[in-house]
Amino acid sequence: MNRADLTEKILDIKRDRGLTWAGIAEAIGGYSPILITAACLGQMKLTKPQAAKAAALFGLTPSEARLLNEPPYRGSIPAMPPTDPLIYRFYELVMVYGTTFKELIQEEFGDGIMSAIDFDMTMERQPSPKGDRVKLSMSGKFLPYKYYGNDEETPEYGFKNP
Amino acid sequence: MNRADLTEKILDIKRDRGLTWAGIAEAIGGYSPILITAACLGQMKLTKPQAAKAAALFGLTPSEARLLNEPPYRGSIPAMPPTDPLIYRFYELVMVYGTTFKELIQEEFGDGIMSAIDFDMTMERQPSPKGDRVKLSMSGKFLPYKYYGNDEETPEYGFKNP
Amino acid sequence: MNRADLTEKILDIKRDRGLTWAGIAEAIGGYSPILITAACLGQMKLTKPQAAKAAALFGLTPSEARLLNEPPYRGSIPAMPPTDPLIYRFYELVMVYGTTFKELIQEEFGDGIMSAIDFDMTMERQPSPKGDRVKLSMSGKFLPYKYYGNDEETPEYGFKNP
Amino acid sequence: MNRADLTEKILDIKRDRGLTWAGIAEAIGGYSPILITAACLGQMKLTKPQAAKAAALFGLTPSEARLLNEPPYRGSIPAMPPTDPLIYRFYELVMVYGTTFKELIQEEFGDGIMSAIDFDMTMERQPSPKGDRVKLSMSGKFLPYKYYGNDEETPEYGFKNP
Amino acid sequence: MNRADLTEKILDIKRDRGLTWAGIAEAIGGYSPILITAACLGQMKLTKPQAAKAAALFGLTPSEARLLNEPPYRGSIPAMPPTDPLIYRFYELVMVYGTTFKELIQEEFGDGIMSAIDFDMTMERQPSPKGDRVKLSMSGKFLPYKYYGNDEETPEYGFKNP
Amino acid sequence: MNRADLTEKILDIKRDRGLTWAGIAEAIGGYSPILITAACLGQMKLTKPQAAKAAALFGLTPSEARLLNEPPYRGSIPAMPPTDPLIYRFYELVMVYGTTFKELIQEEFGDGIMSAIDFDMTMERQPSPKGDRVKLSMSGKFLPYKYYGNDEETPEYGFKNP
Amino acid sequence: MNRADLTEKILDIKRDRGLTWAGIAEAIGGYSPILITAACLGQMKLTKPQAAKAAALFGLTPSEARLLNEPPYRGSIPAMPPTDPLIYRFYELVMVYGTTFKELIQEEFGDGIMSAIDFDMTMERQPSPKGDRVKLSMSGKFLPYKYYGNDEETPEYGFKNP
Amino acid sequence: MNRADLTEKILDIKRDRGLTWAGIAEAIGGYSPILITAACLGQMKLTKPQAAKAAALFGLTPSEARLLNEPPYRGSIPAMPPTDPLIYRFYELVMVYGTTFKELIQEEFGDGIMSAIDFDMTMERQPSPKGDRVKLSMSGKFLPYKYYGNDEETPEYGFKNP
Amino acid sequence: MNRADLTEKILDIKRDRGLTWAGIAEAIGGYSPILITAACLGQMKLTKPQAAKAAALFGLTPSEARLLNEPPYRGSIPAMPPTDPLIYRFYELVMVYGTTFKELIQEEFGDGIMSAIDFDMTMERQPSPKGDRVKLSMSGKFLPYKYYGNDEETPEYGFKNP
Amino acid sequence: MNRADLTEKILDIKRDRGLTWAGIAEAIGGYSPILITAACLGQMKLTKPQAAKAAALFGLTPSEARLLNEPPYRGSIPAMPPTDPLIYRFYELVMVYGTTFKELIQEEFGDGIMSAIDFDMTMERQPSPKGDRVKLSMSGKFLPYKYYGNDEETPEYGFKNP
């Protein structure tokens, strides 16, 4: 059994039963629709209780439920760069603003990165008379490169001759 | 003259004079540091008055100021996928959450995309006892695919035989 | 069930019943043959009533009809650059005229893009004694980059220190 | 001397003298701004008289004028897929509508292609209360694959044993 | 049904019945073995009568015969560059002589291309005491780039302000 | 000025003065030779005092010293996969053991990653009668994916309708 | 039968029976969990007795047991660069530290490589109040390039004219 | 000195002196314009006497003449697939007809290839009332794969145990 | 039927019956194990009598035997560069020594290549107290580029004006 | 200073002084022409005495001599796959015979590789009435994968819980 096949099965059930991601997220537990949707699409794991609820909701086998509880091999896009226009626009933002992100995060925080693991996100509809907008808020922990030397726990480095 | 050379020149001046992006944005005009930084990195144009202030700030030639006022050939990353870890994390987010963005935006808005052109962004430091976080908020206009047929202005399509 | 399989099924039915795209477009509704063809090829969605007519025409299952009503993961070309000569010629036009499009659209409209979403197209046979021609007309809304500063609704940008 | 350097030189002169493509096209001759712009960007050749006028306008050397009169090595995009959003939208249209173009052109004309060589194009601003549009019209000669057997001139094919 | 599967089926039948391309071409009609072979390999279409004869020869279903009559999605090589040595040698010729073709065709004909559509080819065994040779003759119509301005039918180009 | 040029300059000076990385690391400060070497190769920043010592050691300009203090655009390999055999062996280890790392880290720690940022490393010569060995020890903080729901600080997710 | 299918079968059995890699390694023999895990994932071979135990544990056919005893076609990552974040971090380490590895290994050992074949590895949990760490220790034999001329066995090189 | 620079120099001289490839071929020696053109473009070597004549014609240094006499690193196309339409058409022919070439050459000659080394070519203008054609004739020696076992000189193969 | 499936079938039979390549080569005929192995792996054809013996040995259908007698579409590596370490080492040799091969073969033989078609190979175990070695001997016919002008049979080249 | 520039300088000197690789190898020391040639092409290091002789022979600076004594960043081919036909033939051999090498080496030696580091090579002209041949003999140490468990020195593997 393979996670991609399970994703396709879940999408088939969702379509045939007219489910929505909002409804699925509510049925599976109190978490974010983003998290639950990503898990159903094979990008996140569900906790055991969540996987059990998902199995009940979709009528999955115990084996499929267990698969939902495993960390998946991540990477949801068939091929990069993404050919789908909606997803490509995000890829384009990385190409256009990537160096700006780097300069501004480093100016504010020093050398390091914004974590994509200790990370969360919300999406919101932003009404506007000129046309509603998609609002996406991301928050990732800043992780400094470990090398400023002000950390006593830093292990010894380098060649130790025998 | 070539925009990449101008970017390198501006970065040299910034380094040698100890400037910051915050300071540069303030000196150039009231706009967002993100916009001004992106423009200095060759990804956005500056308006004529902004370009004039940038020229004054950096000591640029009139020709260089005019170049800052031209829409650049966008794409700031030397090669995709980005090799720099800070920028790669954003690329990874697109790979992991791309299909989730697609599902949720479409569920809320219908078929269409979040514009990467009619788009704005803020960055903020989010203090946290567990380690401060980078908060990034994006807002892009939703653009529906034009084909629902409820628009009288839709032009005629299809082969008109002579 | 997977959109590519549905496309192959529709093409099989079309071939076996001797249908034409013009006839299919007429049977499905008043819209453009381009839109209907693209939807049958898995690149656009059909509205619910259109999908119902398509299901009746092709003898599809309700599940397949629902799939036609979903926005597809777009990208119709097996691999880029396209190996098929007819499609490659359009790719070539982008390579040869891409920078010209950029210069002329920017000279006329300012910094921005021609939307590929708020977009429509017609194709026409253009008779000529030297050999008939394919006439393709595209019309896309111009979308200006949002950053000229003359918009009071522009959100605040930049790092707000805590 | 290399065509890319000449393009950069022409763009520098255009910027410093505040020229427009419309003005350049008018100064060089009665042809289309698209053609003249593409030639200045190194994608088309200019005729000898046009090259002479371009040399006068831009102050080029005789050698540079001769270079403008040579068919260039075409391909204007630094790397495919194009990273610039304006140009990428055209690339996206090929990915989304490529198979539709193939189906509809073949249904109307039979097996063959739309020429990208015996080809012309116009661009126009289409005013609209909802936001002006870019209108692009392309016309390419249909070229049928030569193999229907109704052509007496078709040469003999196949192995002729000695 | 898919053209690649049909090709595999035809190759199976050819192998099991000990057919030759020469024999197949003769059975299907008077055309070139190159054309008929390419069609059986999924790169060209057969005319209706040819497809009928092919169906009779190979024992195909009516649906398969109709598929042979459709213009295929061309591109016969599993991946480029071709891994098979026989085919690679042709690819190598393009890499080594491509710029020479460009220079010499342009010197003789002006700016344009040799059509790969209005094109034909013969192959012949050339006996030689030093080892027989493969002789391949190609003939493609020269297509001039349409832009010399000596054609009254040239449409108007350029932006027409509203 | 560009970091790659500075790296080449430092390597030239190291070669001409017969310096070693061990000696350079000692001269610059008490840190790991790995860190100092990586910084000289343009992959890490040096702190201000380290950069000052590096400038004294190599005879760099103040501007070059400032550049050493900036976080670099990381990515030291000219092209991936690496063509150099020594570096390729590490790439091969990722290809062969990558899925094993994933399974074992996840079995021990749950869903998450080993940080490549909060990370350190030592290299050691391991003497052996059968031939000395290179011993490389890596230690990276485990970062759990933030989504187990046992964190009260988790922000609200999902679409909030207006 | 194909090694990838066998890997998927083993993962299905592991999931359905709630096995762990630690348990599997213990059941199969006294070797390292890393080795046994890699073998189950199709990257290493098992010895005959190990394969027999694995067959007993998983209920494999004799043919599948024999397959586990064959050296596999190595390469566990679906596509490089790896899209999964856990595995990507190792890829990133190669990109960032690859040239540093090269410089330091060569400084210590001379010209040669660290073997990825005569190689072993351990993983360990490193407890830390700041968050536990993954500790990975690698040890590979140093292999000098054979060309220093101090080896009498070096065969004769070069062209020997007839 | 580098062959690409020499090619650019020769093209500059040809342009400035108004030379033609036909004239250059005549001046350099009695050989084919294809050979001479390819050599001037850096794809073939010239013999010593030819290189001397080329040096005289173009006013080259002795060092440049010697370079013309060296076998070059072949490969004339900046990047594959070729972006220039004239050259791309040949690439397309390989993609469309590659498998046909393979089938027909093998049917006629057995298993082997058409040499791209023991190879020659002619180009000719083929006048036609419908538009003149480019005629390209290639002739390459057939090279059979050496393994039919009817050759007494075949060396022994396989492992010879010590 | 498809050659890759046949290869997999043969490998299954070999595994289940405990055959060796040496044994297979002996059973099929007097040829080299390298040739026979390559043919079983889908890279060479077997002669008719060899294919008959292979069919008897492996219990193949007549159709499968005929397939073994066809020249295959060569290219045995799933993707280049090869991910398997044993095969990669040969790829690496080409990257490191490729230009050396070119220089030394050309110095000895003139401009041309070593044929990979009129080619043979042996492998041998070379015992050594320091560890046995793999000895690989290749012998390919030198093929000179045909253009030295000392061959009266050279066809006429160049454009012959009508 | 950069190794590629030094290679170009050496090739210029070799050309201008009419040197041969055989002569260079003799002048530099008693080693193989393959080794010396590879070193001059930037793929191997020379020992200090060899580098001194090379510096004397070519008239290099002390700094350049030191560079010749450094292990280079290996990888001599501008881009893979190699465009030059002579070098490509070796690449092709890897594609065609790679899996055969794997099967036969493993059958003879067990699981492991042929080293490309503890490796040597000779080239020889093999006279033949049918055309002289290039004979290439390679010999690499067999390196077994370290995991058969018959080695007491094998370190402990696996997670050791704290």
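Observations on the model:
Order of writing sets the labels: A, B, C, D, E, F, G, H, I and J. Residues in every chain begin at 1.
By definition in this document, contacts are C-beta pairs under 8 Å (C-beta built on N, C-alpha and C of every residue); 3 or more make two chains touch, one makes a residue touch a chain.
Only a predicted model underlies this, so the values are computations on that prediction, with no experimental measurement involved.
Interface repeat of F-J: among C-E, G-J or A-D, over half of the contact pairs recur, by residue number, only in C-E. Here A-D and G-J are compared, and the pair linked by more C-beta contacts is G-J. Copies chain B and chain H of the same sequence differ by a rotation of 145 degrees once their CA atoms are superposed, given in steps of 5. Remark: chain B and chain D have CA centroids separated by 29 Å (rounded to whole angstrom). The distance from the centre of chain E to the centre of chain H, each centre being the mean of the chain's C-alpha atoms, comes to 22 Å. Looking at chain D, one finds that residues 22, 33-34, 73-75, 77, 81, 83-85, 92, 95-96, 102, 104, 106, 108, 112-113, 115-117, 119, 121, 123, 125-126, 128, 130, 139, 143, 159 touch two or more other chains. Inter-chain contacts, as defined above, occur between A-B, A-C, A-D, A-F, A-G, B-C, B-D, B-F, B-G, C-D, C-E, C-H, D-E, D-H, E-H, E-I, E-J, F-G, F-I, F-J, G-I, G-J, H-I, H-J, I-J.
Listing the residues of chain G that touch chain F in their complex gives 20-22, 33-34, 37-38, 41, 43, 74-77, 80-82, 84-87, 89-109, 112-116, 119, 121, 123, 125-126, 128, 130-143.
Per the touch definition, chain C reaches chain E in the complex via residues 8, 12, 15-16, 78, 83-85, 104, 108, 128, 130.
Across the complex, chain A is touched by residues 81, 83, 85, 88, 92, 95-96 of chain D.
The touching residues of chain G, when paired with chain J in their complex, are 22, 25, 29-35, 44-45, 47, 71, 73, 102, 106, 110-113, 115, 117-127, 139, 143-149, 154-162.
Remark: chain D residues 1-2, 62-63, 66-67, 70, 73-75, 77, 116-117, 153, 159 touch chain H in the complex.
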